[in-house]
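Okay, handing you the structure first.
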Amino acid sequence: MDKNECCKTVVCEGCSALIVIDERRKFIVTLRRGKVLGSDRGVLRHDDVIGRPYGSWVKLSSGIYAVVLQPRLIDYIEKGFKRRSQVIYPKDHGIIIMLLDLKPGMRVLEIGVGSGFTTAVLARIVGPEGHVYSYEIRSDMADIARRNIEAVGLADRVTLRVRDARNGVDEKGLDAAVVDMPDPWAVLHVLEEALIPGAPVVFFLPAINQVQRLLGALELRGCWTETRVLEVLLREYEIRVDALRPRTTMIAHTGYLVFSRLALRRGT
Amino acid sequence: MDKNECCKTVVCEGCSALIVIDERRKFIVTLRRGKVLGSDRGVLRHDDVIGRPYGSWVKLSSGIYAVVLQPRLIDYIEKGFKRRSQVIYPKDHGIIIMLLDLKPGMRVLEIGVGSGFTTAVLARIVGPEGHVYSYEIRSDMADIARRNIEAVGLADRVTLRVRDARNGVDEKGLDAAVVDMPDPWAVLHVLEEALIPGAPVVFFLPAINQVQRLLGALELRGCWTETRVLEVLLREYEIRVDALRPRTTMIAHTGYLVFSRLALRRGT
Amino acid sequence: MDKNECCKTVVCEGCSALIVIDERRKFIVTLRRGKVLGSDRGVLRHDDVIGRPYGSWVKLSSGIYAVVLQPRLIDYIEKGFKRRSQVIYPKDHGIIIMLLDLKPGMRVLEIGVGSGFTTAVLARIVGPEGHVYSYEIRSDMADIARRNIEAVGLADRVTLRVRDARNGVDEKGLDAAVVDMPDPWAVLHVLEEALIPGAPVVFFLPAINQVQRLLGALELRGCWTETRVLEVLLREYEIRVDALRPRTTMIAHTGYLVFSRLALRRGT
Amino acid sequence: MDKNECCKTVVCEGCSALIVIDERRKFIVTLRRGKVLGSDRGVLRHDDVIGRPYGSWVKLSSGIYAVVLQPRLIDYIEKGFKRRSQVIYPKDHGIIIMLLDLKPGMRVLEIGVGSGFTTAVLARIVGPEGHVYSYEIRSDMADIARRNIEAVGLADRVTLRVRDARNGVDEKGLDAAVVDMPDPWAVLHVLEEALIPGAPVVFFLPAINQVQRLLGALELRGCWTETRVLEVLLREYEIRVDALRPRTTMIAHTGYLVFSRLALRRGT
């Protein structure tokens, strides 16, 4: 088979697939001959999937059909990745991409990796010619992040350092940064050293008190501009025949996004 | 000068720059020796900017300082691009990128180009190895879009056809699609021909009636799955010292996003 | 004791009280000598509460303190009333009061009583000189509603009829109406008979399809004006010392409110 | 004519009427024989309205029809009242009514009257047996408020004092309070004197910094409980045939509502 088609249009052994039985039963699996996927709706034999094109409907032991799809990164984020504690959601990732002006070839700094969801998003967009330099103070979190990033095949674009970024980072001349830590004011001097002038930065902060303290610190430093504070709300609808309506509950808050751009100091 | 630094870290003649005088006075200009930027806050001579690093503060004739930054794509969208009629906003672009699993190298279909804002976003992320195939029925809109896409140097990644996509498109095997037209149900058969199975599609629709009609059509076709309807709300804050508060008014609705993935027909 | 103070400022035997141990342990109880309130935080003897002023702190068997407050109607709605199926929330009740121009002395029609929460709100505001005429098709719901309305002492202001309002109501010349039923278009002719011209009506509808059908029906009748469709979102904050933030999840949808006012037919 | 019908079902000389020509042309007028209402859509003679029932359609000089309705309090708030500076909106009034447990007969304290919109809402609900005691520091604001309150016939239920409430208020034993001033922490001791224990209070505050300072002050006083912070968002829809959609822009922020109830001090 054309190498290009494997895992892209055809499910091969070793490819990952998103198996959707119904709204509540979605699984990301790596296909292996002889293996099965069990569920309360029946069993799916991997052998029945391998070799078929993505988009195919496959029959479970119960006679119920499931559809087989290429897992997108957002599928991993919403249901495939391991997670610990609070994470940034795709609704926030999207606007972060826009705010950071993310594109192929960029070299991005990440401080505070958490479960690695954002790392994966950044690595995805910067492509094989770009790179993500990620700092995480907790080694247990870094381990989870590393596994998640490997699961989506992005490890070679990510340098993950288990270190306290408040003491400085190794890189210089980076294009943009995402900061997800409780005390981002403690790394402003580090960002000023590591980023090119004009570089956009997004800070992710759950509480308004953190936002206020960061705003004060940014102003004090005297070299940050275009500062914005925003929140993204994603409203999802229930789709029932003849009864379209917003979902009853929604994630109403993940965190505030503080955006700013590094400038030079006046007079420099 | 190192070619890499021109327009990236240093403002050269011919580079674009975002000149920020204050919150309400922001301009994207192409720098030309001998030219000036006029404003009610004073005049800026381009010669005072050329050769300086991005992030610099430059003095206007009035003595007021402006900061010079690299214009991001979102800056063009928010204030640089020409626009006609309603446009998709960055808040929506962000989640579209996530939903479409956009990444370098992808080949994306766009039906309904409008002012070309979304075209530029797509072209930005798919990079030089990817491509965007865009169809627009109105030639006047296509002209505006073309100018906008050229302004951000993305023309070589975009094939813009002035044609009614309801009659079919030229491409096959494309990876994803964005559809922004009043009657997207009229192109479902076209998408089914042009996209690879499993391909994600986002439809942008201002009115709920359109959403309902599209949902009905998607179901009837029998080969669409993972359908979602969502809205993104962006809440921006006023940043005043000791008085942080959400902005009084907000863009509360641009359009609904309908997401779906192309599957094969059962039994195929 | 001054009769006026009983149940208003002083907790007497037979009065109701809201006992707040902490954020998650709130109870509405009717005080009886010799009785106790049990909780996993300790036991409260009613005798320790009776005779004390509202606002008092009383000690549980565990040594923990609880505060004793007058239960507001919103406390009953949020935690005291029995409920079956979906209910209208205080966020909606508030705007309903404003839209209906509710005030003491008004005579209000209610079609679709459900658990009686809205009935209680209406009865509360119209006062002893006003009246609420409520129609409920299901006798089991009416029983729950009746018990809730009695629990807050409003039964004498409410006439609750277990009947299908689609076949007409007994009253004429009423001032306003709330309609909470799946097919409100089936009672428009009834409202037109029962209400004074100009009377405001609020329809509560969970799904957008119902809203659309109602809008069509209102227009067709030719005697409704000032129609509005709206939704109320209530965003609540977590209050932690030095960490103020919106609650992670929120009730993002209860229902749409359709407002309209009855006019005469043109030419009448 | 039956006195009861005048201004309620029949438009008499001296009654107020809401004249609705279309969505953008709505007027609240006091009817006077011989007078006219001019608009760019034609002229309406008051004589053509007087004596007709509310809900009637009346012809303008242009042949266009307008509908005549009883003005609700919300109509005055949305378009009839004079206003100065920022006001509390009906979306907030609604939840304030619910939070304060407002009902006929209550005696309510208001600190910070502004344009008197909230005063009118409170006076409306407490009825002729209740009363609103309002304190406003600025005499120019008090004048506007007084005129607005008189316009809706509620002056006899309102005692409006032009005085700095931080120095104390005259009343004792009041049932609830609304506080709309920039430094509400300066009147907590006043509220503690003027309200009955258990009384609910709503504070209206535009900026989050004020919320934080108030939360700190409430905690420090040691006699406030059940504190909540919330925001109300009202989303309104455009109603077009076959094109239902939320309005493009919305009032996304008026102010935060801080709710709390006065308790006794422990040990009292």
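Each chain gets a letter, A, B, C and D, in the order it is written, and its residues are counted from 1.
By definition in this document, a contact is a pair of C-beta atoms (placed from the backbone, for glycine too) under 8 Å apart; a residue touches a chain by one contact, two chains touch by 3 or more.
Source: prediction; values computed, not measured.
Q: Hey, which pair has more contacts between C-betas, A-B or B-D?
A: Pair with more contacting C-beta pairs, A-B versus B-D: A-B.
Q: Between chain C and chain D, two touching copies, which fits better, same or different residues at the interface, with half of the numbers shared as the threshold?
A: Same, since most residue numbers here occur in both copies.
Q: Averaging each chain's C-alpha atoms to get its centre, pick out the one most distant from chain D.
A: Taking each chain's C-alpha mean as its centre, the farthest from chain D is A.
Q: How many angstrom lie between the centres of chain B and chain C, each centre taken as the mean Cα position?
A: Their C-alpha centroids are separated by 46 Å.
Q: Would you mind pulling out the distance in Å between where the CA atoms of chain A average out and where those of chain B do?
A: Using C-alpha averages as centres, the distance is 21 Å.
Q: Give, as an integer number of Å, the spacing between the C-alpha centres of chain D and chain B.
A: Using C-alpha averages as centres, the distance is 43 Å.
Q: Which positions in chain C are in touch with at least two other chains?
A: Only 208-209, 212, 235, 244 qualify.
Q: State the interface residues of chain B toward chain A in the complex, per the touch definition above.
A: For this pair, the touching residues of chain B are 8-9, 20, 53-57, 65, 67, 69-70, 72-74, 90-91, 93-99, 101-105, 121, 124-125, 127-129, 196-198, 200, 208, 211-212, 215, 219, 223, 225-237, 239, 241, 244, 261-264, 266-268.
Q: Touching residues of chain C toward chain B in the complex: what are they?
A: Its residues touching chain B are 208-209, 212.
Q: How about chain D: which of its residues touch chain B in the complex?
A: 206-210, 235, 240, 242-254
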